[in-house]
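Two complexes follow with chain A in common, the first pairing it with chain B and the second with chain C.
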Partner chain A sequence: MEKAVFLPDTELHEALAALSADAQVWVPAGDASKPDLVRFQRYRPGLSVRLDARSLVSAKEVLFPRSEALLRFVKEKDLSVPAGHRLHVDDTRTVPPAVVFGCRPCDARGFLTFDRVFLQGPYRDPYYAERREKTTFVSLVCRDADGACFCSAVGSGPADPQGSDAQLIALPDGYVLRAITQRGAALVEKIGRGPTAEQIQAARDMLDQAGREMVGEGSLTAMDAAFRARFQDAAFWHGHIDKCLSCGLCTFVCPTCYCFTITDEARGLSGERIRSWDACMFPHFTLEASGHNPRPSKVERYRNRVGHKFSYFVSKYGQVACCGCGRCIRHCPVSVDIRAVVRDLPVQEEVHA
Partner chain B sequence: MPNVVSKNNPYLPQMGTIREIIQETPNIKTFRIVLDDPEQMAAFRFEPGQVGQLSVFGVGESTFVINSPPTRREYLQFSVMKTGEVTRALHRLCEGDPIGVRAPLGNSFPVEALKGKDILFVGGGIGMAPLRTLLLTMVDRREEFGDITVIYGARSPQDLCYRYEFDQWRAAGVNLVLTVDREFPGWEERVGFVPTVLAEEAPSPYNRVAITCGPPIMIKFVLAGLKELGYEDDQILTTLERRMKCGIGLCGRCNIGDTYVCVDGPVFSNTQLRQMVSEL
Partner chain C sequence: MKTLHSHLEDHFEELELVIGWEIGFEPLRATPAFVRRREDLARLVWNPLCAPNLSVYLPQILKSAEKTEKKVAVCLKGCDTRSLTALIQEGFVDRERLHVIGLPCPGTVDPQALAQARKNRAPVTQVSFQDNLLILHSYEGTEEIPLDSVLARRCRRCRQPNPLLADVVLGDPVPARCDAPSFAHVEAVDSLPLEERRAYWERELDRCLRCYACRNACPLCVCRDRCLAESRTPKWTTQRDSVRDKFLFHMIHALHLAGRCTECGECERVCPVGIPVALFKEKMAQIALDLWDYQAGVDPAATPPLQTFDPSETGI
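So, the complex of A and B:
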C-alpha cells in the first residue's frame, strides 16, 4: 500500500473536523431522535457518525441534490421596451469542495452510471460535472452485507475500488485509510498517522478476504436479450409487479436512478428554474398534455425501470445501471425484489397442458 | 457549427423576442422569434426537423419543431397548439414579449438523401408544422427534388394551418391536396379523412419517400395505407413526440427502450420504429 495511514477510532472526529476546514464533509450519521435512521449529513462536532451502519439513502444527493436551482430569473420593469419589462436570467453558482467519507463501495460505484450519462455526452451536465470534479469519495470496505445486498451479481463487490478515491479498511481499533487516486492521496495526507506493519498486514488480509467474497447469487449483467424477449410477456410483468404500490421509493433510495424533472417556481417578479429528483414509477412522469401516456400503468413503468437498468443501459453503454446496494429491496413496502425479476427474465416456465 | 445551445450550460436558454404572432386556427398560434443577440441570430444554423425548447419563465419549457426552413433565417418560427400549462402561457404572450429559446436540439430529416427523389408529405392538423420546414427547404431548393405532393387534412377548413401560404406552395410547383373531415359551406377542396384521400391519390412509391406527421390515429392508418400502396419501411419517415423536460438526453422520460426521442429523434424511419420496443 503506497499511500496509507492509520486512523484510530478515537481520532475519527478530529480527522473529520480537519477535513471540514476546506471542504464540506458528508458522513453517514444517525438522527438524534432515531439513531438507526442513518443518512448522509454534513459533518459537525457532536454528530453521531455511523460508519458501521448502512445508510437508508446513498450519498447521491451530494452530487445530485434532491432539488437545485438551475437558473434564476428576474423581471425588471422597464416601460421603454414593448413588453414593459426586461428579463434577466442568471445561472451563476458556486460549488464548494466536498468529501464523502464512509460511504459503501456500491454507493461510490453508483456514480459511474451518472458519469456515463451526465459527463460523457451527447450533452454534459455542468451542475453535476462541477460537483463531481470537486468531490472526493472515501468508501468503507464492506464487511456486513445483508440479505438484500447483491453487489457481486452486478460485477462489483464489497472491496470494489471503482468510483472511490480512497478506501477505509476497518480494524478492531480504527481504520487503515488507503489512497486509490491522486485525489484520494491528497486527502490521505491530511489525516491519520503512519500505520504499523501489523496494521498494514491486517488491512491487506481484510481486503483480500472482502475481494474474494461473493455478495448475491449469479450474475445479472447479461440480461439485455432476455429482457427484450420478455418485453411483451404481460403475464410475466403482471406476475412480478401487481403488488407494486407505485410509491417510487425504489427510485429515491437508488444510487443510480438519475431521472429528474424541471419546474419553474416564481413569485412576483422573480423566480427559479428548479431541477428535482423524479421517478419513472409515477404516472405523471410520461403523461403528455394531450392525455396520451406511453407508459400508462405500473406494468409499463416497472418494465421500463428494469429495462433501463439491465437492458437499455447495457446495450447503449456496456454496463448495467445498478450497483447492487439492495436498497430498493430492503426498503420496498411490498417486498418487490428486482433481483428475482431480472433473474427470472430468461427462465422458461413449464407449459401445463 | 455555431450553436445556440450553450456548450457550457445546455440548460441556459438564449433570450429572444417575439416579432410576430399568427393565429393559425382557434387553438394554434405561430410565433416568429428573433434572438436578441444579433451575432447569435446571424450564426444560428439548424437542419429541417430539429426542435427547440421555448421558455416562459415562471411557467416552464416545452419542445416544438422549428418550422421555418434553414433557407430562411430572418426569424425562427414555431407553431404551438394550446394544450397544457406551457402552451397556454405561450398563447398569452404578445408581440414584443421576451422568450427563452434552447435550439437547435434533436436530429433532422435526411435532406441530402432525399435529393433527386419524389416526395410525398402526409400531414394532419398541427402535424403540418414539422413537414413545413422540410417542404419549404425543398421549395427553396426546388430543382434538387422531383415531384412534391402534399396531402394535408384537418377537421375543418379553419383547423388548417398556414392557409395563407397555400397559393405560394402551389405556385412553387407543389401538388397540394387539401382535405377536411366533412363538407363545409364554401369548401371546394377534398372531403374525407387523410388516409382515405391518400388511397384515392395513390402516389406511386417508385423513387419516392413519404413523410408523415399528425395525430397518432391518423399516422396509424397512413402507415397502413402506405404499405398497401407498396411503400417499404425505409421509404417512410415520421416524427415522434414525447413528454420532454431537459431536451438533451438526460432527464430520462422520453425514451422508447434505449432510444431517446429528444436526442436520437424526433425524425425516425419506419424501419427504425419497427426495431424499437413497442411502447409508443
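So, the complex of A and C:
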C-alpha cells in the first residue's frame, strides 16, 4: 500500500475534528434519540458516528442537495420600464470543501452515474461540478452486506475503489486508511499515524477477501435488449408492479437517481430559483401542460425507472445507472425488488402471477 | 395457514384475484401478493410479518378491474378491516365485489425492534411462529424472540385485533391489547411544554425526504394523483427542504384524515427515516372521539361525522 495510515478507534473523533478544520465533514451518524437511525450528518463533537452501520439514505445530498438555490432575485418597482420593475439577479455561491467519511463503496460509486450526466454530458452542471471538485470520498470496505445488497451484480463489489478517493479497512481496534487518488493522498496526510507491518498485512488480507466476495446473484448489466423486448408486455409489468404504492421513496434513497425539478419560490418581490429532488414515480413528473400524461399509472412509471437504470442509460453511456446498494429494496414499504424485475426481463416462461 | 389455503382453494372459482401476502426477498419480509392463478395460492402466507394494510389497493383495483361475477378476495387484519369500512362508507369501494377474508391478528413485527432484539447478526434463513414466539434460524443458531417484545407501536395500542367486517374469519379471536382507545403516545408528546414540543417536531420533521410514502401507503389518502402537496396551481407548499414546508404537508395530511383515519399506522411503518407521523393522525382520532364520540371504521352502519350535517350538533 503506497500511502496508508492507521487510525485507532480511540482517535477517530480527533481525526474527524482535524478534517473539519478546513472542510465540511459528512459522516454516517445516529440520531441522538434514535441511535440506529443512521444518516449522513455534518460532523460535530459529540456526534454519534456510526461507521459500522449502513446509512438509511445515501450520501447523495452532499453533492446534490435536496433543494439548492440556483439564484436569488429581487424585483425593484420601477414604473419607468415596461415591465414595471427592474430585476436584480444574484447567482453567486460559496461551496466549501467537503469530505464524505465512511460511506460505503456503493455510495461513492453512485456518483459515477451523476458524473456522466452532470459533467460529461452535453451540458456541464456548474453547481454539481464545483461540489464534485471540492469533495473527497473516503469509503469503508464493506463487510456486512445484507439480503438487499447486490453490488456485485452491477459490476461493483464490497471493496470497489471506483469513485472513492481513499478507503478505510476496518481492523479490530481501528482502521487502515489507504489513499486511492491524489485527493485521497492529501487527506491521508492529515490524520492517523504510521501503520505497523502487521496492520498493513491485515488490511491487505481483508481487501483481498472483500475483493473476492460476490454480493448479489448473477449479473444485471446486460439487460438493455431484454428490457426493450419486454416493454409492451403489460402482464409482466403488472405482475411485478401491482403492489407498488407509487411513492417516491425508492428514488429519494437512491444514490444514482438524479432527476430534479426547478421552481421559483417567491414571496412578495423577492425569492429564489431552486432545484430540488423530483421522482419519476410521481404523476406530475411527466404531466404535460395539455393535461396529457404519457406515464399515467405506476406501471409506466416503474417501468421507466427500470428502463432508465438498466436500458436507456446503458445505451447512452455504456454503464448501468445503479450501484447495487439495495436501499430501494430494503426500505420499500411493500418490498418491491428491482433485482427480481430485472432478472426476470429475459426469462421466457411466464414467471409472473 | 392451512385454513387460508384450503378456504381459497375451495372458493377459487368464484374469485378473479386474491390479494394476500407472500415471503419477499428474505424470510423476514412479507410483501403483498396479487394471485390470479390457482397454482400460486401456495405462495400466500399469514403471520406477524404480514404488516402491509392491503385495503390500500382496493379503490384502484376495483376501478381498473372489469366488472364480472367473480370477486376480488382480500386478506385483512383486524385494523385493516376498519380502513375497508371507512372506504365503503365513503363510496370508494363496492362491498359487493369483495370477498373479505378476516384474520384475527396477534400483532405485527417492527423490523427495527426485531433487529435490536436479535443477539445473532447472521441473516435469518428461516422463521417460524409458535405460541407468541418468533423462532429465527440462522447459521449462528436458533433464537426465540417473544412477539410482544418486538411489536410495532401501532400494535401496542391495538384494540381491534379481530376483523370487524368479513365474509369469512379464519382463526380464533385474539384478545385485544387495549380495551379503550389509548392515546398515551400522543399525549406524551402533547404534554411537553410548547418550546420543547416544537423542538421535538422540528427535529423529527427535519429528516423528512418528502418521498410521500406515508401518503401513498395510507388507505384513506384517496386523492392519489391529485394531492395538493404536488399541486402547482395553486401552489400550497414550496419545494424547499425546510421544516416549514414539511410541517405544512404533514399538517394537511393529518387534517384531511380528521374523523377518517382508522389508525392502521401504515404511514409510520413505511417512513424510511423513522418519523412518528402517525402521532398526528392519532391526535385527530383523539379529537374526533372527544368531539363526536366517533371512531372511524368501527361501525359500518355509522355515518362519518364529516359526511353529514346536523344543525343541532353540539360541541362545535
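Just so it is clear, the second predicted complex is superposed on the first by the 349 of 353 C-alpha atoms of A that agree within 3 Å, B and C clash if a C-alpha of one lies under 4 Å from a C-alpha of the other, contacts with A are read in each partner's own complex, and residues count from 1 in each chain.
Quick note on the criterion: contacts are C-beta pairs under 8 Å (C-beta built on N, C-alpha and C of every residue); 3 or more make two chains touch, one makes a residue touch a chain.
These numbers come from a predicted model, not from an experiment.
Following the overlay on chain A, a side-by-side fit with no clash is recorded for the pair chain B and chain C. By the touch criterion defined above, A:T263 lies against chain B and chain C together after alignment on the C-alpha atoms of chain A.
Of the two partner chains placed around the shared chain by superposition, chain C is the only one that A:K243 touches, whereas chain B remains out of contact. When the two complexes are overlaid on their common chain A, residue A:Q232 makes contact with chain B while staying clear of chain C. Of the two partner chains, chain B is the only one touched by A:P82; chain C is not. Of the two partner chains, chain B is the only one touched by A:T286; chain C is not. Centred on chain A, the angle reaching out to chain B and chain C in the chain A superposition, using CA centres, is 90 degrees in steps of 10.
In the superposition on chain A, A:P65 makes contact with chain C only, not with chain B.
Judged by the touch definition given at the top, the superposed model places A:D125 against chain B, while chain C stays out of reach.
Once the two complexes are laid over each other on the shared chain, residue contacts for A:V141 go to neither chain B nor chain C.
Taking all C-alpha atoms of chain B against all those of chain C in the superposed arrangement, the shortest distance found is 6 Å.
Residues 261, 263, 265 of chain A are contacted both by chain B in one complex and by chain C in the other.
Of all residues in chain C, those touching chain A in their complex are 24-26, 29-37, 40, 52, 56-57, 61, 112, 115-116, 121, 123, 203, 207, 209-213, 215-217, 225, 230, 232, 238-241, 266, 269-270, 272-274.
Interface of chain B with chain A (complex): residues 5, 7-13, 15, 56-61, 83-85, 87, 94-98, 100, 216, 241-243, 245-246, 248-258, 263, 277-280.
On the side of chain A, the complex with chain B involves touching residues 70-71, 73, 75, 81-83, 85-87, 89, 91, 117-118, 122-126, 228, 231-232, 258-266, 271, 273, 278, 280, 285-290, 292, 294-295, 300, 304, 307-308, 311-313, 315-316.
Against chain C, the residues of chain A that register as touching in their complex are 31, 33-34, 36-37, 39, 56-57, 65-67, 144, 146-148, 239, 242-243, 245-249, 251-253, 261, 263, 265, 274, 276-277, 279, 282-284, 329, 331, 333-337, 339-340, 353.
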